[in-house]
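Letters A, B, C and D mark the chains as written, and numbering starts fresh at 1 in each.
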Amino acid sequence: MQPLPSTQPWDDEDGFHEECGVFGVWNATDAAALTALGLHALQHRGQEASGIVTLAEKGAFHAHRGLGLVGDIFGDAKVMASLKGRCAVGHNRYATTGETALRNVQPLFADFEFGGLAVAHNGNLTNAAVLKRALVRRGCLFQSTTDSEVFVHLIAISLYANVVDRLIDALKQVQGAYSLIALHDGALIGARDPMGVRPLVLGRLGAGEGGAYVLASETCALDIVGAEFIRDIEPGELVIINNDGLRSIKPFGRTQSRFCIFEYIYFARPDSVVEGTPVYATRKRIGSELARESHVEADVVVPVPDSGVPAAMGYASEAGIPFELGIIRNHYVGRTFIEPTDQIRHLGVKLKHSANRPMIEGKRVVLVDDSIVRGTTSKKIVEMVRQAGAKEVHMRISSPPTTHSCFYGIDTPEREKLLAANHDVEEMARIIGADSLAFISLDGMYRALGRPGRDAANPGYCDACFTGDYAIPLTDFEGQPERVPTLLVANSK
Amino acid sequence: MQPLPSTQPWDDEDGFHEECGVFGVWNATDAAALTALGLHALQHRGQEASGIVTLAEKGAFHAHRGLGLVGDIFGDAKVMASLKGRCAVGHNRYATTGETALRNVQPLFADFEFGGLAVAHNGNLTNAAVLKRALVRRGCLFQSTTDSEVFVHLIAISLYANVVDRLIDALKQVQGAYSLIALHDGALIGARDPMGVRPLVLGRLGAGEGGAYVLASETCALDIVGAEFIRDIEPGELVIINNDGLRSIKPFGRTQSRFCIFEYIYFARPDSVVEGTPVYATRKRIGSELARESHVEADVVVPVPDSGVPAAMGYASEAGIPFELGIIRNHYVGRTFIEPTDQIRHLGVKLKHSANRPMIEGKRVVLVDDSIVRGTTSKKIVEMVRQAGAKEVHMRISSPPTTHSCFYGIDTPEREKLLAANHDVEEMARIIGADSLAFISLDGMYRALGRPGRDAANPGYCDACFTGDYAIPLTDFEGQPERVPTLLVANSK
Amino acid sequence: MQPLPSTQPWDDEDGFHEECGVFGVWNATDAAALTALGLHALQHRGQEASGIVTLAEKGAFHAHRGLGLVGDIFGDAKVMASLKGRCAVGHNRYATTGETALRNVQPLFADFEFGGLAVAHNGNLTNAAVLKRALVRRGCLFQSTTDSEVFVHLIAISLYANVVDRLIDALKQVQGAYSLIALHDGALIGARDPMGVRPLVLGRLGAGEGGAYVLASETCALDIVGAEFIRDIEPGELVIINNDGLRSIKPFGRTQSRFCIFEYIYFARPDSVVEGTPVYATRKRIGSELARESHVEADVVVPVPDSGVPAAMGYASEAGIPFELGIIRNHYVGRTFIEPTDQIRHLGVKLKHSANRPMIEGKRVVLVDDSIVRGTTSKKIVEMVRQAGAKEVHMRISSPPTTHSCFYGIDTPEREKLLAANHDVEEMARIIGADSLAFISLDGMYRALGRPGRDAANPGYCDACFTGDYAIPLTDFEGQPERVPTLLVANSK
Amino acid sequence: MQPLPSTQPWDDEDGFHEECGVFGVWNATDAAALTALGLHALQHRGQEASGIVTLAEKGAFHAHRGLGLVGDIFGDAKVMASLKGRCAVGHNRYATTGETALRNVQPLFADFEFGGLAVAHNGNLTNAAVLKRALVRRGCLFQSTTDSEVFVHLIAISLYANVVDRLIDALKQVQGAYSLIALHDGALIGARDPMGVRPLVLGRLGAGEGGAYVLASETCALDIVGAEFIRDIEPGELVIINNDGLRSIKPFGRTQSRFCIFEYIYFARPDSVVEGTPVYATRKRIGSELARESHVEADVVVPVPDSGVPAAMGYASEAGIPFELGIIRNHYVGRTFIEPTDQIRHLGVKLKHSANRPMIEGKRVVLVDDSIVRGTTSKKIVEMVRQAGAKEVHMRISSPPTTHSCFYGIDTPEREKLLAANHDVEEMARIIGADSLAFISLDGMYRALGRPGRDAANPGYCDACFTGDYAIPLTDFEGQPERVPTLLVANSK
């Protein structure tokens, strides 16, 4: 009902690409504080906004949300005291700023006939625009520009009586990648899409009747609250947690698992364990594979901090070349910074990174980074290392070339802007100014994950950004934007 | 979709009592600036929040809203520049503070299948809760706690194809008092409820094809933008303004006119002309009637500023007693002020008013005020005048005793808190500490409006706060809150 | 020590023209709350900034200051609780916005060898620039751009041991108009300049040993805290208030009294009594004198609100013409407002005033205002009244023509910008568009104050703005800005 | 002149312990932008506040300062555009929040008889309180609570005509550690205290007449603006830079060099080169020395990030034990965060660090950190590593035990709170819960710096925090706080 800047907000791309973290807890003292801590541990999944909704007695909900870091939003004792109740759900969001953003901060909350429902969602729906158009036609009024609101309206109009049935009804109509946590008076519900593209783990705080269940995007959020890891939620699984315990439903039957391989490469925190595999060790193994595949004579292996560090360690160790912190990262960048004027831009100013000149001067340097997207950052880094006196600069990348956009929840630019979509490796080396450039091979990456190589028939991971193998339909992004699903109401009987 | 503090916001009384001002313009250069000026002239109808929605080319809408005074919200050149377009609708609101309030600031805006629609509403619906319950049951998600949102959902779910038909469909389902202005790509629409309880006037800026139509709550808003007054919108009338001119519809057929008489007493600005009658002159005539009805020997007639001034002038002139500004009003009160501690409360501190001691000391004072609601203010004023040395204090009130609450858009307390609902005039005089107290009679008030007296069969005004004669049903406030209108969908065919 | 925008801030005119209100209290429970109330009653003397310094036990001072209205700055219970102590001094300031202003908000406070000292000052020094130059030459570092800081440095470098002696030492070196209140560990001190240009009154709260003394710019500030008026501080008098009672010193010997006559015309609040004369009654008498001096045939007398109201009442009563509120003032202007664009400026938009058309249309109108400065406001008002249909507009001004600037604390523009400095009355009437224009005569104004007329040898009031008779030297504004008083240190022996 | 919270602000310890960064540039296009970049590179030396003062034509100065990070304070294009001129000086400050802080943000600026002067200061004066007392006695009014203001007053009252002579006059009266940069109309001046405790380096941007000189706390600030390193400013040296070039003065004659050894251990950025020695390589060498001195059988060497990383790499390499990132640092902590409630405090929550469980579980861990101050952080880290499943935890510290407070500009707590001041190493191990604990020896630390060991007669570094050998008198902190230097004025002849 709020004034909107345009009549077609769902055409705004901003609403469709989100990296997010979710956290939920059922039946714990200090539920809001635990959720704030969990969101803090998941801060790397979204730094622009956060929200928490708690459930107190008699179905009363309490909410707080804001733009900024978790510590700033939930650092106020009065705010925390207002978030009453033993159950909570929280969300970190990667988003743009301004009023629009505040409307979009999750968890979304709605009053239904059956009571309130809070929903936190990580991922991206690929038929949200089509569904939204149909819902608006039916008389639904949209408030946010997030695809997550589609869930809420589908639940609202479902003809099922039961909340879980309504939620399943909604899930069956959407396409895309999602890990979601919903909270209502009767239960905390966790769900992963049928292919399990985005992560969701289950943990337990304390034992017996007084124990609490925790749901989170990554295990590092279980660690910070002292929860014991139980298991990953499975692809296509729905878990319903309440005072009677945990119940699991598989409404989609058997499905093929396609966890996002880029979480291993870059996105997940190094101290998390994803689907049984520690992230940090995987990254080191990728570095070792990379060294084996593309060795080069050099004096020093230097990571592009922070994400390139484990792979560089693996590379250095395998290659027998000293590992040195030849690039220092400045962690105090602040929200805004001066746009360098033309006069000083030629200085090659680096705000986030600076070369550790004495470690680089006169040396043959292997730079290790996790990926090349547009190539602009790599170009600046190589230039900075050269200005610091490197004799040679060899770039090694711990992922295959990023040739395709992600439509499943990782914020990547359009394909035209991906360097690897338009240039071969040799051209890329020239563009970024490196003496040599090498990416890990697809098979090498799968070997580092403990497989013999990539099995095209059943890769077991979503690697669409490297292969273009999109396992989930891209309805909104295909030819006919006007196509409306006619089965909408029948479906929801 | 935003986090809400509770699952039943529509039980919150805050959403039901509103005094507001509305303004709209079609086809004018600087539409947003004209609207800001109009809202400024209507600031007395609501000081806590304002919003403007403009319509630019190709159905694109722009919006800005905020808490505070019009001048503060729309004083920023960048804000004004962003409100592009030749058509606009604006709203002033009397509201509480906090996030809740911001969600409720009008104009409400929604994206429909047919495009965007902005709605600004002054008044109060008396079946909003019943309708809201039915709408939620149907799957509608409510975002604000204002009854105005009910309009928007009724429009959204209407089965009519045409916007005007949908709006009429919605109006036929609501009960209560409303003057509303709606803006969509095809027209600016003004509407008054069938009894015309709340005001709405039509004006014109410039002549011929380049001329613009203006709708506003009061004529003072036409004056500030230099618009010529054309006529009042009639009770139950709908006017549709677009580039083809103005079209009038009367969907409710013939109805009885019941304009709010309290607008004359207190609420409207003194320089406005309402339904053909100047407010200032009416107030002076009421003062004269009051002097005739309840003369008292005195040395000086003193108004309680600012609202009591015209009646006091009429009283003084008729009674032949000098008129003096014996009470000074401090206009710089600020948003907040110190809660007086117990130690200083006994000083009888007056933040808004102070006695002009040299004009009062040793004198017999007639105090003239517009109404007595709870009586607390009158008590303080009388006490202050006595402390300044008055020999006698005679209170004269330019309205009949306020014995009933208003459910049609004027913020009055519950009946139990109305002094006149629980005490006769003699007791009231004792409670407020006056040597004598008199109210104008019902007939006297009607005489001042040019009638022979009150015609109970067809009073011509809504005077429910003085008589309890509620002409519009009070559905939400009657016995059966669970009653749901079953004809909702049929109605909207 | 703060970064300053330029090296010569004391050349900035902003620091030299101030209208202010001061308030002080010694030995009262809730000293800070009383001071906030007093400043609230003095809000008309300065609306842009306020500050309070309190003195708690053992010479500990507490301070709070801010930009905005008193109620907003001191409306926070935590702020009030932090202002501990039974003694306080406060200040309202008319000032420009921005950081500069915050540095300049009074009371000024400094740590001396003998302890802390807070100083609040209303008025304007006329040799502040000369003194400042000498002080800087001596090594003094200035922080603010207010002339009041000169006081503080003169006190700091004085060679006298005693605070009061140091203050007198400082006062003997300054020229200009000032009413000041100083607070240190041993006493509350009030002082008026030798000619008593600016007002300062003494009051008492409670009796006997537990009683408190109050100092304030006007009696209305005594009224709000329930203090009894004792007397005006005399021109050139210093009162020292501490637990032993009140002591009076006259360091300047006999001096000629020259109270600012403009305080009666416009500046003081109508309910104040200044030097024994009620302001409201004086303004009415001026109106009567004006009617006698410049009668005109008319249908209605209309005040320019709010300041012109009492004079208009006096005029109407004397002339036997009906008094009507033909212009309505909008009190909700807000801090900022849209700069009207060229397109709508021609509408003659009035944000502060609007014509009450039904009272004006077709009538011969006498407009009564307090003064004409630049003439721009009068021009707009006349135009607005004509647009509302007035047949004739006769402007009557309740002060003589303002032909000279004030250098003693009233913010007036430079002489070139004063309409009356450059035009005779006939030209002025033409410029503002009135059918006739008349000012009260100098003698008429003095008659309204109870004198036979103006005695040029000893007028008894400062009327420099009407006569150019500047009784206090204008050192800073005369020819030789480089002149430095050489006696500075000798003086302060 | 601003209201101060107490009369004795200089007793406030806050003003005396500062870690800061300074930067200055003479004669460069975009001087303000270069300074903002330089301050950004020095952000690790102070994150709470920053300021820049620029010098434009004709002696006009421009200033901006704020609380927060450099990028936030100087990220506004309007702010940067307002900082006109080719010369600038900037300052980063470690400070407390609130109004007090804003008054204290440097560069300090004052208007003298000779024009404006901006001063930025890193370090701590040890006789500031004594000097301040004498200055106040003389009539000086202090505005900030920083010891740096003492400089400004000493310059203001100096009897020398020339700015440089006045500055030398001031420097000769102060005791303590300082690197300062001053800017006035005629020159940019850099100075280090006679023992050169705090760092200051000289660089050059561009060559020939169009070239610019740069002064900065560390070489990393030269690198970011592309300036070439020329040399360290020498202990006790004053450099005066203007359009005629650079002039060096040694007003103190020969002095003993005592650079702060803790800058190598912790404070300087790893990519800086201090007094000819690269910081990163030094830290690795300290790690190697530490491994030689206190080897222990273990499975993994884990740094406490970020400061412990280079020493841990040196340790691991020398000891032949794998180096692993067993602790992950969360860089998104935000300004505030929830105070953990009692209920969740037992969870051992770590907001800044988390254990990388798979790298630690079941392992014997060597933890390497740079220092132990109070011991509370070490205790938490050890506990966290144990909770993650470590079999043994051996703590190794890359500095000797911190037994004494720093009075020369590093913020350390009082001696009573230093763990090593009150406990031997064995007790410390028990307190922090480690299986073993070892510090590098004093001689080992000096060996890592290329010396044979510590030469007690002439150590060449200030190591007072490890040895109590305070080379500069601690006047303010010794017995007689009332002692006032009597030679103050004579001195300033």
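Here is the rule we use: contacts are C-beta pairs under 8 Å (C-beta built on N, C-alpha and C of every residue); 3 or more make two chains touch, one makes a residue touch a chain.
Keep in mind that what you see is a predicted model, and the values were worked out from it rather than measured.
Path length between chain B and chain D in the chain contact graph, taken as the least number of steps between touching chains: 2.
Centroids of chain A and chain B (each the mean of its C-alpha atoms) stand 50 Å apart.
In terms of their C-alpha centroids, the spacing between chain A and chain D amounts to 38 Å. Centroids of chain A and chain C (each the mean of its C-alpha atoms) stand 63 Å apart. Shown for chain A are the residues that touch two or more other chains, of which there are none. Taken together, the touching pairs link the chains into one ring where each has two partners.
Counting only pairs that meet the touch rule, the chains in contact are A-B, A-D, B-C, C-D. Contact residues of chain B toward chain C in the complex are 29-30, 33-34, 36-37, 40-41, 43-44, 47, 68-77, 80, 220, 223-226, 269-271, 273, 278, 280-281, 306, 309-310, 313, 323, 325, 328, 330-341, 343-344, 347-351, 354-359.
Across the complex, chain C is touched by residues 1-9, 51, 53, 59-65, 103, 107-113, 115-116, 118, 136-144, 146, 149, 152-153, 156-158 of chain D.
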